[in-house]
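Each chain carries a letter (A, B, C and D) given by its place in the written order, and its residues are counted from 1.
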Amino acid sequence: MHVQIFTAGGTIDKVYFDARSEYEVGEPQVTEILRAAGVAFTYAVEALMQKDSLDLTDADRAFIAERVARAEADRVILTHGTDTMVETAKAVAEALGPAPSKTVVLVGSLTPARFKATDAEFNVGFAAAAVQTLPPGVYVTMNGCVFRPEAVRKNRERNRFEAVGDPTRP
Amino acid sequence: MHVQIFTAGGTIDKVYFDARSEYEVGEPQVTEILRAAGVAFTYAVEALMQKDSLDLTDADRAFIAERVARAEADRVILTHGTDTMVETAKAVAEALGPAPSKTVVLVGSLTPARFKATDAEFNVGFAAAAVQTLPPGVYVTMNGCVFRPEAVRKNRERNRFEAVGDPTRP
Amino acid sequence: MHVQIFTAGGTIDKVYFDARSEYEVGEPQVTEILRAAGVAFTYAVEALMQKDSLDLTDADRAFIAERVARAEADRVILTHGTDTMVETAKAVAEALGPAPSKTVVLVGSLTPARFKATDAEFNVGFAAAAVQTLPPGVYVTMNGCVFRPEAVRKNRERNRFEAVGDPTRP
Amino acid sequence: MHVQIFTAGGTIDKVYFDARSEYEVGEPQVTEILRAAGVAFTYAVEALMQKDSLDLTDADRAFIAERVARAEADRVILTHGTDTMVETAKAVAEALGPAPSKTVVLVGSLTPARFKATDAEFNVGFAAAAVQTLPPGVYVTMNGCVFRPEAVRKNRERNRFEAVGDPTRP
C-alpha cells in the first residue's frame, strides 16, 4: 500500500516564533508523526503550501484540487487547516468528477501538533486507516469520524466538526 | 456510530512505579486518548484485565474472546499487549465463527502511552477508523496497517508487526 | 521555605484558540508545572495580568513592581513575557530600593509551556532554586543563567538572553 | 560558568524495551534536557555508569565519589537514581573532606525523563541553578528543595524526599 500525502498548512503545522511573538505555519508535521508511529506502509510527503486555511484563495484551492486529481497514487491524504477544509474537500471532489478513481482523505487538527495535548497524532492515525480502507471518493476525517464533504461543517463555536442534515431533503 | 472498547492490558497501559522501580500495567489509556482527541462517536470502555500479554493464559484468552463475541455492539476495539496480540485475535476470530456479525479491531502500542514519544495515539486513531470502515471480521491494526490474524506476526527483533506469507501456499 | 509567585502573562502562558486561529495568553502555567514537579516548598500563585509583554504599559510595570515590593514573602518569583522582562526587572529593582529585603526572580519561557518541546519546566525549576538560594536582590533567570537586570538583554535575533558588558564602562 | 555533569543511571534515564517487555537504564537524558532548554552555560557530560541505583555497590559508590572529587570543574551535577541518592551523596561528601572546594549537586527524577508527565526537566533546571548559586559542599536537590546529605531521606511510601530531623538532637 502506497499513500501520497499533500500538505496545505493549517493549525496542525503551526509553530510559535517568540522572536516575533507570532504564530505561523511551519514545516509539515505529518512526516514526523508517521515516522514516530513506525508505519509500515510507504508514503511520500509533498508540501503544496504553508498557509492558515482562512488565507487560502480560490486559486490555491484549484491548484490543490488539480494536484490531488493528477496524483499517480490512488490513496491520497491531504493535511489542511480546519476552517476551510470542507470547501477544499468539495473542490477536490469536483476535480475528481462523479466517478473518482482514488480515495482522498482530508485531515487536520484543532490544536497544533507541537502541543503536548493535541489531536494531531490521533487524527493522522485515523486518516491513515481511512485512506486505506474506504472506497474511492473524497472524505473529511475529523473528531474520530468519517464525513462526506457535502454533509459536514466545522462548528466554530463548539470547535468541532459535525454532520449536517441530509442536503437532499427540504 | 457506537464503539465498544475492551482493554486487556499490555504495553499501551504500562506505568512506572518508582517506589518499586518497576513497570506495571495501569489504568486503560485509551479513555484518555479518546477524550483528548475529542471524538464525536460514542463509546464505552471496559477493562477485562490488566496484564502483560506474555502473562495471558488460555483461560484469559477464552474469556476475552467470549466477552467480545457476546458484546452487543457490532464495532469492537480491543486494546492488548503486542506479544500475544495475534494469538488473541485468532481466539476471537474462532469465537465469532465463519460468518462474523461484528467488526473487531485489536490494537496496542510498542511504547507506553505515557511516554512522550509513543505510537499509542496514532494507533488508537488508526483503530478507531478501521473499526468504523472495515467489514465484519477480526483485524490486527499495528504499524499503520490492517492485518488479518492468520497473516501477521510480531517480529520481535525488529519490534514491529509484519505480514507473513500466504499460509495456504507451500 | 515559602515562595510567592506572581504571573504577568507572556509566552510561557500562551495558548492557541483554533476558533479564532489566534494565540493568546491563558491561565498561569506555573501552577501546573509546580504541581507536576511535586515540589515540597509552599507557594501561592497570583495572576497580576495576562498580557503579551510587548503590550505592558509603564502603568502595568509600576503596578507589578509595587505588588512585588509590598508582598509579605521574602522570596518572590515573577513569571513574565521575555520581550520586556528586563525592563520590568529594572522597575522592580527600583521599587525595592538600594537595600532590598527580598529575593525576586523573573522567569519566563521562549516557547509556550503547552508545547511538547519547551523550556518552561526547566526554567521554572531553575527559578525555584534561584529564589531559594540567592541573596536579596532582583534577578533574571533565563537560558540556565542568573543575570542582573542591568547586565542582561534579550538578543531577539538569536532568541536568547545574554550578558551585556559593564554599563559603567565606555 | 562551566559545569561538569556525571551520570550514574537511575529512573531519570530509564527507557522501555518492548522487545523484552522490560524497563532498563538507557542513555543520559540530561544532555537532551539541557539542549532543549537552550542553556547558555558550558558543560560536559560523562556517563559513569548506567544502573538502577538499588544495584549500585559500595565499589560503584567509591568510584563515583572519587571521580567527582578528582574533577577539575568546581561545579558538578551528578544525576543519580533516587533510591540510594542519599548514600552516594554522603560518600561524595566524605571524599571531598571537611573543606570542600567544589559545589556538587545530586539530582534525579521520580518518573523517567521520557514520560510525558515527569519531574525530570524541572529537577535538572533546579539543579542547574543550585550548582551555580550554592557555596562549596554536597547537596541533594529533589522535590524543589535543597537538602544536605545528612538531613534528607527518600520517603518510599510517599515517593518523595523529605528533611529528617536534626541528627544531633535526641
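Assume contacts are C-beta pairs under 8 Å (C-beta built on N, C-alpha and C of every residue); 3 or more make two chains touch, one makes a residue touch a chain.
Small disclaimer: the values here were computed from a predicted structure and weren't measured.
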Under the touch definition above, the chains in contact with both chain B and chain D are none
Taking CA centroids for every chain, report which one is farthest away from chain C.
-> B
Inter-centroid spacing, chain D versus chain C (mean Cα positions, whole Å) | 26
The distance between the C-alpha centres of chain A and chain C, rounded to whole Å, is 39
In whole angstrom, what separates the CA-based centres of chain A and chain D?
-> 46
Where in chain B do residues touch two or more other chains at once?
-> 110, 116-117
Checked against the stated definition, the touching pairs are A-B, A-C, B-D, C-D
Where on chain D does chain B make contact in their complex?
-> 11, 14, 16, 18-19, 21-23, 52, 54, 81-83, 110-112, 114-117, 156-157, 159
Which of the residues in chain C end up touching chain D in this complex?
-> 1, 33-34, 36-41, 110, 117-119, 121-130, 132-134, 141, 143-146, 160-162
